[in-house]
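Take a look at the structures listed below.
Two complexes follow with subunit A in common, the first pairing it with subunit B and the second with subunit C.
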Partner chain A sequence: MDILRSIGITEPVIQFMLVNAILGLSIYLTLYTGMFSLANAGFMAVGAFTGVILTQEAGLPLGIGVLGGMALAGLVAIPIGLPVLRLHDIYLAIATIGFGEVVRILILNFDPLMSSITGQTVALTGGALGIKGIPKIAETWHLLLFLGIAAYCIARLHRSRFGRAMAAVRQDERVAANMGVNVVYVKNVVFILSAILAGGAGALSGHLTRIISPDGYGFDQAVQILAFAVLGGTGSIAGPIVGGIVLTGLPEVLRFASQYRGVINGLVLLLMIVYVPGGLVNPVGWARLWRRLRGPTPDA
Partner chain B sequence: MNVTQQLVNAIWLGSVYSLFALGYALVFSVLGVLNLAHSAVFMWGAFIGLISVIQFGLPVWMALPVAMVGAGVIAVLLERVAFAPLRARGAPRISQLISSIGASIFLVSLAQLVFGTQPQRFPFGSIPTDAIEGLPFRVTPIQIIILVIAVVLMALLNLMVQRTRLGQRMRAVAFNQRTAGLLGINVGGIYLSTFFLAGALAGAAGVLYGLAFNSMTPFIGDAIALKGLTVIVLGGLGNIQGALVGGFVVAGLEVFSIAAGGSNYRDAIVFTLLFLILLVRPQGLLGRKEITRA
Partner chain C sequence: MRTRLFGLLMAFAILVMPFAAFAQDDVAMGADMAEACPAPANLPESITIGAVLTLSGGASVYGTTQQQGINLAISQINESGYLGEGTTLSIIFEDSASENEQAISAMTKLVEEDGVTMVLGPTLSREAFAADPVAQENGTVVMGVSNTAAGITDMGEFVFRNSLPEAAVIPGVVAQATANLGLTKVGLIYANDDDFTVSGYNFFRQSFIDNGVEIIGEETYATGDVDFRTQLTNLIAAEPDVIAMSALATEGVQIILQARELGFEGALMGGNGFNSPAVLEQTGEASNGLLVGAAWNIASTNPLSTAFMAAYEAAYSARPDQFAAQAYTGTWMFATALRCADSVDRTAVRDALAGLAEFATPLGSFSFDENRNPVHDPVVQVAQDGAFSVLGAE
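Here is the complex of A and B:
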């Protein structure tokens, strides 16, 4: 632990690494099924605000708050997923960016909107300032447990009939449909599962940061979540977990170069996708890069 | 609500949006990829224009060509670094989207280092800000200049794409890259000129935006990035005329929703529209139906 702390990895950083690993897993699910969705930041916001309101306003324990956040994020995913998942690659990405922004703006204006509908003063989300003074009640072992359960469930899912259907939908939707896979059903269930995971990560992170505001869940956050999965690699469950941990730890380790952090972050993302397309957890890609760097062998 | 005034506002703001979105649409139509670093190029254009006036003492009108060339060069470098290697490998379009996001983060962070995060402005008195008198609505000379420049640039681009050899080649590559290559068109060169043009348009839009609001930070690209996305979706991705119309529609929606007292929901209205267009008419308002549906 001392070695970690000396390079800037303190316990709060480890907690955020775990949160981001869960977020990486949530987008991994949709990517694994061939859906390029950027809605996870929006679902994270739904989870965070629901969770915090449940524990702070209703005085419920953290567990209920997290479950509530997961449930609401999953419920929101149903009406969004049904129409939107008919779209593909860039169109789906843009539509889900739009969804994320609408969620952000709705949370921003939730209080006046609700006040005008119910006729009473509602003060739940706190507008642009967000909710302040949230006690830090999420512990590292909560996060570890959540991540462990999520990873275990996804690993089991991969080996199941449904998991093979997910892979089939990614590889070719039409072929999958001809083989009897209910493509619409698979896509929507995966989208909902992904939203539930993002909602859980949001609810947990809301109890780590002491303050949550809608601006923390915008386009930047959506891109960041995508970066976890891309950097780590989407070939296996380990990829997004490693990606979330590395990408969270990197700015802290690079603190000595604090003013260059953004520049280095951008470069890492750019160079990774160009030169190591399979991500960090991808032995084949590394071997190929090694061969390329070593240059052509003399006898070849 | 003064409808004429709002219309005037919508028209000059829309011209900046259209100019910005044209670059998006141009790259998408020729390469089929979404360049999310376009807004970073826009921001760099604005700063290059500003720096050429503040540091090098150029007159304000010179800021525009300087910024266009500078932003064009940045866009060309972008294509070489972030797009060309992936295309050569035949990587999926999504990887190009992600590499452009990486490039965008890099460019914005670099601008923070170079220019700082404090808002900067053109020197006082270099931009005429007094409204023209004797009109039933309020409009400043600079707003008219912005509108005129934007319209001229858009007309030139349209002419170039429709009437010149370069435009013809660009359309050929957009239609089918492989066939165009077999017919002797230098496809790599067309990609470079497309990026240069898109960058120059973004640079021009950046300077005009800077002149209009006269408060520049490295983050001015963030807001217009998503607006530009809405504009090109509205017009049909990769449809140049569509992007033109879309810019004015989005600006109009924005201006009128603010005037109607809904400034808090301005962006929600824009993005809900984006959402609906994608679901109901993914080919855009002016687009023709594609064979492969979105």
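Here is the complex of A and C:
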């Protein structure tokens, strides 16, 4: 632990790494099914605000807050997924960015909106400044447990009939449909599962940062979540976990570089993408890089 | 006899010289505190403080000028030997990238790994709400130099700020304007459906009562309204010296234009929402005589402020803004707390900082109240032909 601390990986950094690993897993699910969705920051916001309101306003324990955040994120995903998942590729990405903005602006204006509907003063989401003074009640073991359960469930899912249907949909939707896979069903269920994971990560992170505000869940965060999965690699479940950990830890480890921190951080990411294009957890990519570095072999 | 006289003279000279050195340069920062607190003798050779600033990300424009203000103060403190012979003050800057998570990591690194004596920042209020509890739990002083949101210092006794919250500016503006312009009658207009404008109205109302100004009328409107002629006609009929507006800029611009259109020639007074060149651009000559408060203004005639501006321009070839002035002042306040505590013990330093009173700074005569919030007179700006100048400067 002391070695980790000396290079800048303190306990809060480890906690954010774990949260980001969960977020990486949430977008991994949709990417694995061939859906380029950027809605996860929005679901994270739903989970964070629901979780924090449940623990702070209703006085419920953290576990209920996290479950509530997951449940509401999952519920929101149902009416969003049905129309939006008919879109593909970049069109789906744009539609889900729109969803993220709608969530952000709804939370921003939630109090005056609800006040005007109910006729009473509602003060739940706190407008632009958000909810502050949240006690830090999420512990590292909560996050480890959540990540462990999520990873185990996804690993089991991969080996199930549904998991193979997910892979089939990614490779070719029409072929999958011809083989009897209910494509609409598979895509919507995966979208909901992904929302539930993002909602859980949001609820947990809300109890780490002591303040949550709508501007923390904008487009930047959506792209950041995508980067966890892309950098880590979407070939296996370990990819997004490693991606989340590396992308969170790297800026902290680079603090010694002071004003060059951003430059070095960007350069390292660029080199990773260029030389190991399949992501960090990608044996084939590393083998290819090794061959390239070693130069042409005599028998080649 | 002669030798005794000579000895007396020498003793006198030795005693008086240090004060004389400051006296001949009475605009030097920290001069008043150098007199109040003796030169420290027990400080270690090097003292390290920290700063969590938004050096990158969305709010990097603020963090960068804050860093320059702090660096200027550090070099002045070390050159003048403010912390005593052989003691140097150094600083570790940590970037929060304008993100709450990184602000927490940066604060944790500074107070737990680097073990700094005190921390300046974080730049944004939301970062302060996220990261200040880390310093509070560790028993390390943290002082915001740009946090204006309500409730910052409620996080604990080690949390300070030197940036005037919105609620502190209005009473100061009313007091100074009343004294300067001899106001006796005021009309109030505000939006009654918005937190910000309603709380601003309450501060205006209380401040006018405290200053003995008669309130001749109160009018309300709803956010989004565009026609204020009915309300303004009612107010103007009672012949006020000043119309105070608790409004956001959008409605504020229309209120200014329509008040002038109805022939009102008295002063206008606005809250924080009016502290923007855009309001002046949109209202033109109509806003002549508009009074708005701010924590610091570049046109301030305070000698420490002009000295700070000259030093800043010499160092960076750029004009400072309010963020630089507040960061510069904050660094000097930390140095003064160290000097007066004559110790790097966290609690002693905290108590010395909390006890700072009537410290002459570029922001004016500065004290902390019992909740570690700043107390100093805001600068009252008056608009004339599209530009703000300081009220009573000429």
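We take it that the second predicted complex is superposed on the first by the 276 of 300 C-alpha atoms of A that agree within 3 Å, B and C clash if a C-alpha of one lies under 4 Å from a C-alpha of the other, contacts with A are read in each partner's own complex, and residues count from 1 in each chain.
Rule of thumb we're sticking to: contacts are C-beta pairs under 8 Å (C-beta built on N, C-alpha and C of every residue); 3 or more make two chains touch, one makes a residue touch a chain.
None of the values given here were measured: they were computed from a predicted structure.
In the overlay built on the shared chain, the residue A:129 is in contact with subunit C alone; subunit B does not reach it. Contacts of A:171 after superposition on the shared chain: neither subunit B nor subunit C is touched. In the superposed model, A:182 lies in contact with neither subunit B nor subunit C.
Judged by the touch definition given at the top, the superposed model places A:160 against neither subunit B nor subunit C.
Within the superposed three-chain arrangement, the count of touched residues of subunit A is higher for B, of the candidates subunit B and subunit C. In the overlay built on the shared chain, the residue A:105 is in contact with subunit B alone; subunit C does not reach it. In the superposed model, A:36 makes contact with subunit B only, not with subunit C. Legend: residue contacts after superposition of the two complexes on their common chain; A:255 is shown touching subunit C, with no touch to subunit B. In the superposed model, A:211 lies in contact with subunit C only, and not with subunit B. Once chain A of one complex is fitted onto chain A of the other, the partner contacts of A:11 are limited to subunit C, with no touch recorded for subunit B. Touching of subunit A by both subunit B and subunit C, each in its own complex, is seen for residues 259, 261-262.
The touching residues of subunit B, counted against subunit A in their complex, run 34, 81-82, 85-86, 89, 91-95, 97-99, 101-110, 112-113, 222, 225-226, 229-230, 233, 237, 264-265, 267-268, 271-272, 274-275, 278-279, 282, 294. Those residues of subunit A whose C-beta lies close enough to touch subunit C in the complex are 5-6, 8, 10-13, 16, 127, 129-130, 132-133, 136, 208-211, 213, 216, 251-252, 255, 258-259, 261-262. Within the complex formed with subunit A, the residues of subunit C that make contact are 55-56, 93-95, 97, 99-102, 104-106, 108-109, 112-113, 125-126, 129-130, 133-134, 149, 151, 154-155, 195.
By the touch criterion given at the top, residues 36, 83-84, 86-91, 93-95, 97-99, 101-102, 105-106, 108-109, 112, 219, 223, 226-227, 230, 259-263, 265-275, 277 of subunit A touch subunit B in their complex.
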